[in-house]
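Read from first to last, the chains carry the letters A, B, C, D and E; within each, the first residue is number 1.
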C-alpha cells in the first residue's frame, strides 16, 4: 500500500513543478499537470482495489504528530471510494478544460492542482482544523478559477461566491474554535470516542456552527443564490468540478461528522436536505439557462445525498455498505451525470435549453444527453435507481412516509424538467450545428462508460438476480450500436432477438403469466413484422422496441419486487424512446413520461410499503404483505395511471397515436396490456388478503366503467384517425378494468378475453390505418376517403377488426361483451351494465366514423394513384385476422385456456356443453352463431350474384346529387365534424375538464416556482443575509 | 479579562457582519469581512488563554523544561497563525475582484452587480 | 362491365374523367312475354314518382297525394331519389339550365323508366314558346311516354295521364329507356346542341 | 327634397321629380354617379341599395341605369338614374359601396352586356349557363327567331286565337264580328 | 338436420309474409285515418317484385354490393335467434345458440353492413343519415338495455325462451303487468328502433333523400324492402316474447305483433319529427329514468 500522503504530495509537488515545466514549454507544463492528476486518480483506484481486496485501513500522521499540529490522514474503503471518484471526474473535467487552460498562464494549472489538493485533503483529513485549511484551499482556488471566463458575469458571481463562502468559513472557524474550547481536541477520532464532550450548550453551538458552515458550503435551499450565479457564469468545466468533486469532498466531511450529531440535528439536517431537493427541483422548472438549470439540479441532488446519509444515520445504520449503496449510489450518479451534462453544455455553448435541438443531428451527443437525463431522473439501470430504491425502502421500513412522498414528488418534478429538456434536444429544428470538439466529447464518453460500468456494479451488488433483466438495457445499447445498419436488417435482428426472448421465456411461464406472455411477446412479435415495410435507417426505433419486448419478458419472469419495478421502469423508458422519435411535438412524450413516472412512483411507493419487514435484499413478489391495504391500492392506482383511466388519460391519445405507424399498433395493442398484466399479477397476489376489497372493487368497477364511457365518447369527436383509435383503446381498457374489478371467475375471464381480442383487433386496425397513413402522409380522416378502392385488403382486415371491436356477432368481440354483461349482471352491478351497454353503443359511432371517413366515401383527387399498403403491414394483419376467425368459429379455444389460467375465484364457473358455453343466467354457442350467420349471408348473396350481369359498376361521382354533379371529392366527402349533433346533445360530457384540471395544476405549480425563484435576487448582500437567516432558522430548529 | 477579550472578538464579529450586510460599497463589505476575520482571530486566541501564562514561544524566557506549564495553550495560537494567512489570502482575492469589477462597470455599489438572478 | 363501347366524355376535363363511369347505356331486351306481362303489371302498379317541379306544375302535384285524389291507391308514391323512382314527372317549362338537371336525373333512373311531360310547356313551349331560353319540345331530348296538356292540367287530368301510362306499360309499349339507349346519339346531339357548357359525362349512370 | 336641391348644383343633377312622397327620381351624369351615391350613402342616410336595373333604348342608343337607394330613417327611396351609351356599355362599379352591387352588376352584364370593370366575378354566368348569343335582354335581340332556330319548334303549331277557337266550337253559326266591319 | 332446415325455411317465410303484410295493413289503416283509400294490402309485395324486375342497376363497389346482403342477413339472423312460438319445436329457430344479448347485438350486424354499403356509395347524405341513425341508436339503446337488465333481474335469466316460459299462465303474468316500467322503457326505445316519426330524422325524405339507401335501387332496394318485413317481424316477436307473454300459436303471434306495431304507428301519426340532438336528449331523459326505476324496483 502506498501511503495516502503521496496523494497530497503528488499534487503539491506538481504545484511547484508545473510553473517550472511551463518555462520550458506550454506542453510540458500541461503534461506535468495531467500526469499529476492522472497519478492521483490512479492512486485512488489502486487503493480502492486493494482495500476492497481486504487490505487494512491506514492512518497516517505527518511528521509523527497528531492533529492539529500536523496533518492526520485516514484512508479507509470509504475514503478510497470517494477519492477514486472525485479524482477521475477531476481528470475528465480538466481534459474538458484543456482548451481553456492552455490559453491561461501557468498559475491556472497550479490553481487547479491546489483545488485538487484541497479536495483530496478534505476527504482524507481527520482533524477539524485541517479540514478548515483544506476547505480554504479548495475555496480560494475555486474563487480564482470561477473568474476564468473573465467577463462581468463571472466576476460578479465570483464575488458573491466569496461573500457567502467567506461567511461559511467564518462560521466553520468559530465552530472549530468552540469545539476546541469545549472538547479540548479537534481530532475526529477522539471526538467520536467521547461524544459527550460536545454535549451541553457551548458544545452544541460549536458543533452546530461547523455543521451549518458545511451545509452552507453544500448550498441548501434557499440560501444558495450565489452558487447558482456561479453555476451560470463560470466555465462549465470549472463548475462541473465544483459541483461534483468539490461538493463530494464537503459531503464526505459531513459524512465523517454524522456520528457526532444528535437525533434532533439529524432530523433537521435531513429535513434541510429534503427541502433543498424538492424546492430546487421546483424552481428549476421555470429555468431556461442550461448552466443555471444544471445548478438547480445539482443542488437538489446534493440535498438528496445529504438526506440519504442523514436518514441512514438516523435509522441507526452503521454498515458502510448501506451508505455506499444509498448515498454513494446517489452521489456517484450525480457525479458522472452532472459532469457529463456540464461538459455537454460547454459543447453546446450559450444557448437556452429550448434551442438544444442542435443535438438532434448528433446521435452520439444526443445519446449521451439522453443517458444523463435518464440516469439523473433515477431511472434504471443507473446507480441512482438502485440507490433511490434502497433509500426509499429504508424510509418506508422506518415509517417515514411523508419524506418518501416528498422525495417522490421532487423526483417527479425533476423528471418533468429533465425530460422536457430532452424533448427540446431530440426535436430537430433548423438550428445551426455545433462543431466537433473531441477534447470535450471524449471525457463525456468516458463518464458515460464509467456510469454504465457503475450501473452494472450496482445492479450486481443489489438484488437483481434474473439474468434476463440485465439483458434489457444491454439489448437497448446493443441495438443502439447497430443503428447504422439499414432499417430492414435491424427489423430482422429485432425480430430474432425478441423471438428468442419469447422462446426462452414462454416455456417457463404458466397460468396468467403465460397468457400475458403470449399476448405481450407474441403480439409484439407479429406486429414487428410491419417494420419491414418501411425503408431507410429508421434510427431510434429498435433500441426502444427491443428494450420494450425484453421488459415485457422481464415483467413476467421476475419474481422479486425490485425486479418487477426495474422491468416496469425499463418498459416506461423504452416506450418513451419510441414515442420521442415519432411524435410531432415535444408535449406528447413529456406528458407520457410525467404520467408514467407518476404511476410508476405510486407502484414504487406501494411495493416498498408492502415489502415484508426486515427484507433488505431481494424480496419476492410472493412475500409482499398487502394486509394494510394502502400498499395494494397504491400499486393498483399506479397501474391505473398506466392504463390511462379517465382522469389521468391526458397522455394517452398522443402516446398511442403519434408514434411511427408500425410502432403505434404495438404501443396501443401490446403495451397497453402491460398495465393489465400488472393489474392482474398484483390482484391475484393480493386476492383475499386485502381488507375492504368489496368497496375497492366497486370503485375500480366505476373507474373502469367511466373510462370505457368517456374513452368511447371522446373517440367519436376525433378528426385524427390514430387519435380516434387511441381513445378507442382507452375505452377498451375501461372494459378490461371493469371486468377485472368483478373479482369473479367470469369477470376475469371476460377481462382477459377482452384483452386478447383487443390486442388482435386493435393491432389490425392500427396497422391497417398505419398502412393507409404511410401511403397518404396524413392522419386527418377528412383528408382521406374512398381508400377501399385503392387498398381493398387493408379495408378487409380493418372491417374484420371493426366488427370484432364493435362486439357484433359472429366475431370474437361479442364473446367479450357477452361474458362481461353476464358477469356484471351476475354480480348485481346493473347500472354499470347499462353504462357499459351505452358505451358499446356509442362505440358504433366512432367505428363507423373511421371506416367511413377513411375507406368509404369519396376518393380524393390527390390519392387516386396510391397503392395498397405494404405487404409487410398486411402480413401481421392477416395473421390476426386468421386468429380472430378461428376464435370466432370455435370460441372454446380461447375461453377455456383463459378460464383455466384464471383459476377458481368467487362466483360461478362457466360450463361447457359441446360448443355452448353457459352460466347461471345465459348461454352462447359461438359456432352455431357463426354457421347461421354464414348461412343467412349466403342466401341473399346468391340471389344478388344471379343478377350481377345487369348491374353496371359506376364511379365515385355517379351519385344522385340533387341532379347536380359533384364539384370536387373534397367537398362531397362527409367526414369533418361527423357527429356535430352529438356534440349538440351531449357535448357537455366531453368538455376537456380533465385537461383543464391538470393544466391548472401545472400552472399552479409553475407559478409557485416562478414566485419562489424571485428569492434569488442576484444581489450578493441579499444572499449573505439569506445565509445568515438560514443559519438562524436552522439553529432554532436544531436547538 | 478573558471574557472581555472574547467579548471583544464577538463584538468585532458582529460589527463586521453588520457592516457586510448593510454597506452597499464593495470595499466596505470587504472591510467588514476583515473585521469579522480579526474578531475570530481574537476569539480563538482567547479560547486558548490561560491566566498568568505567556505566549507559547519557546525562547529563552520560557525555556524547554516545563514549558507546557508556563505557556498558554499553543493550539489556538497555531490555528490563528494559519487562519490569518488564509484570511489575508481571501481578502487579497476579494480586493482584486473588486478591482476587476470596478474596471468593468466603474461602480462599486453591490446593487449594480445583480444581472444574474432567478 | 359487359359494355365494351365507352363514351368519350369530352365535356369533362382530363383529370375528371376518371371520376365518372363512361359506359354507354344499353338496351335491355324484355323477357319472355308471359313473364314480362307479369313484371309489367307490377311495374304499372308500383309507379314511384320522381317529381321534377320546374315550373308551375309542381303545385298541381300536391293535391294528388291528398285524400281527395289519393294516388297511393294506385301504388304510386313519391320518391326522393331518381335511383329508386321509375316515373319522372316534369312539371312545367324547362329552361336550358333545368333541362340539364332533368337529363342527369333521367339518366340516373334505372331501366325501365317512364317520363310524363306535364303541361303545355313540355309539349310545345306553351306560353314560353318564343322564349330565348326555354325548350319547346321535350321529346327531342328525352323519350316521353305521356304528355298531359293544359296550363296547368288539373289533378284529374294527371290521373287520366297516369291511367294512360299504366295502359302503355301493361301493353309493353313503354320502352322509353330502351329507345333512349337505341337512339342515344341522336338524343345526345340534341341535348348538346343547346346545352353548351356540358360539364357532365355523356351518360350519367 | 331640400337635400336633393343641395346636391343639385354640386352633382349637376339634371332632372328630379317626386313620384310619391316616399319615392323620388333624379338623373345624374354617369361620371358623377359614384360620387353622388357615396354621399347619399355616407352622409345622407341612404344606406341601403335596393337594386340596380337597366332599360334599353335602342332608339336613342342608350341604356338608362337606375340605382334604387333607400333611407331607413326617413323611409324614403331615391332612384338615381343615369344614361350611358349603348355602344360602349360601360359603367363604373359601385361594389365598394354596397357589396351586393356586384350581383346586380353581374346580372346586367349577362342580360344587357353592360360591363362594370373591377366588379368581382362580373364575367361569371349569372343564370344562363354557357350562353353564347347576344345579351338576351337587349331589345334588338329577336328571341323568337332565336327560339325557332334553336329549340325545335313543334311543326304544325299554329297561333290561333283561343277566343275565335272557342267561338267556332261553341257557336259554329256565329259570324265573327271583325269580319263584319 | 333437413327437418330443421325445412322448419327454418318455413319460419323465415312466415315472418317475411307476415312482416310485409303487416306493413301493408298499417299503410292501409293510416290511409283510412287520413280519409284516403290507400294502397292495397299487398302493395309491399308488388313493390318488391317491381324493384327486382328492374332491368339495369348500378353498383359502387363490393361493399356497396354486399351492404344489402349484410342487411338482410342481419334481419334473418336476428329473427333466427329468437324463438317465435313458445313450446313449438317447429318455430324455435336457433334460439339455443344464444340469449337476449346475442339478439341485441345481432341487430347491429345488418345495420353495420348497410351503413358500410351506403358509405361506399359515396353520397354525402348517406353518411349524414348514418351519423344520425347511429347517434339516435346509441341513445335509445340505453332505456332498452336498462329494460332488458330489469328483465334479467326479474326472471334471473337472459334466455328469451325462459323469459317467455316464465310469463305463461294468465295474462297477468306477462311482463307488461309484472314489470310495467321496464315495458314502458322498452316500448319507447322501440319507437326509436322502428324509426317512425318522431324519430325518423334518419331517413328524413325531404331533406336527405331517404337516408342511407339513397343510392340503392333495383334488386338491392328489393332486398332492403324484404328485410324490412323480416326485421320488423323479428323485432316485434322479440318484444312480444319479452314483454307480452310470447305466443303459443300463429294467430296469437299475429294478433300480438300487430298490436305492438300499432303502438309505434299511433305515436308516429301523432307527433312531428325530432331533431337528432332532441331525440338523443329525449331518450336519455325520461325513458332512461323509467329504465333505471325498473331496474331498481327489481333490485330491491
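Quick note on the criterion: a contact is a pair of C-beta atoms (placed from the backbone, for glycine too) under 8 Å apart; a residue touches a chain by one contact, two chains touch by 3 or more.
What you see is a predicted model, and the numbers here were worked out from it, not measured in a lab.
Apart from subunit B, the touch network of the chains stays a single piece.
Chains that touch both subunit A and subunit D: C. With centres computed from CA atoms alone, A is the chain lying nearest the middle of all the protein shown.
Using mean Cα coordinates as chain centres, the one most removed from subunit B is C.
Counting C-beta pairs in contact across C-D and across A-E gives the higher total for A-E. Centroid to centroid, with C-alpha atoms defining each point, subunit A and subunit E lie 54 Å apart.
Centre-to-centre separation between subunit B and subunit D, using Cα means, comes to 107 Å. Centre-to-centre, using mean CA coordinates, subunit A is 50 Å away from subunit B. For the pair subunit B and subunit E, the distance between C-alpha centroids works out to 100 Å. Within subunit D, contacts with two or more other chains are made by no residue at all. Residue positions of subunit C touching 2 or more other chains: 21, 28, 81, 83, 205.
Annotation, chain-chain contacts: A-B, A-C, A-E, C-D, C-E (touch as defined at the top).
Residues of subunit E that touch subunit A in their complex: 52, 54-63, 65-66, 68-70, 72-73, 76-77, 80-81, 94, 96-102, 105-106, 108-109, 112, 115-116, 119-125, 127-128, 130-132, 134-135, 137-139, 141-142, 145-146, 149-150, 152-153, 156-159, 209, 214-215, 218-220, 223, 275-278, 280-281, 284, 291-292, 295, 299.
Contact residues of subunit C toward subunit A in the complex are 1-3, 15-16, 18-21, 23, 28, 81-83, 101-102, 104-105, 108, 199-201, 204-205.
Chain contact summary for the complex, subunit B toward subunit A: residues 13, 17, 20-21, 24, 26, 29, 33, 36-37, 40, 43-44, 47-48, 75-76, 78-79, 82-83, 86, 89-90, 93-94, 97-98, 100-101, 104-105, 110-111, 113-118.
For subunit A in complex with subunit E, the touching residues are 786, 788-789, 792, 795, 799, 803, 806-809, 814, 817-818, 821-822, 825, 828, 830-831, 833-834, 837-838, 841-842, 844-845, 847-849, 851-852, 856-858, 916, 920-925, 928-929, 932-933, 936-937, 939-941, 943-944, 947, 950-954, 956-961, 972-975, 978-979, 981-982, 984-986. Residues of subunit C that touch subunit D in their complex: 96-97, 100, 123-125, 129-137, 140, 190, 193-198.
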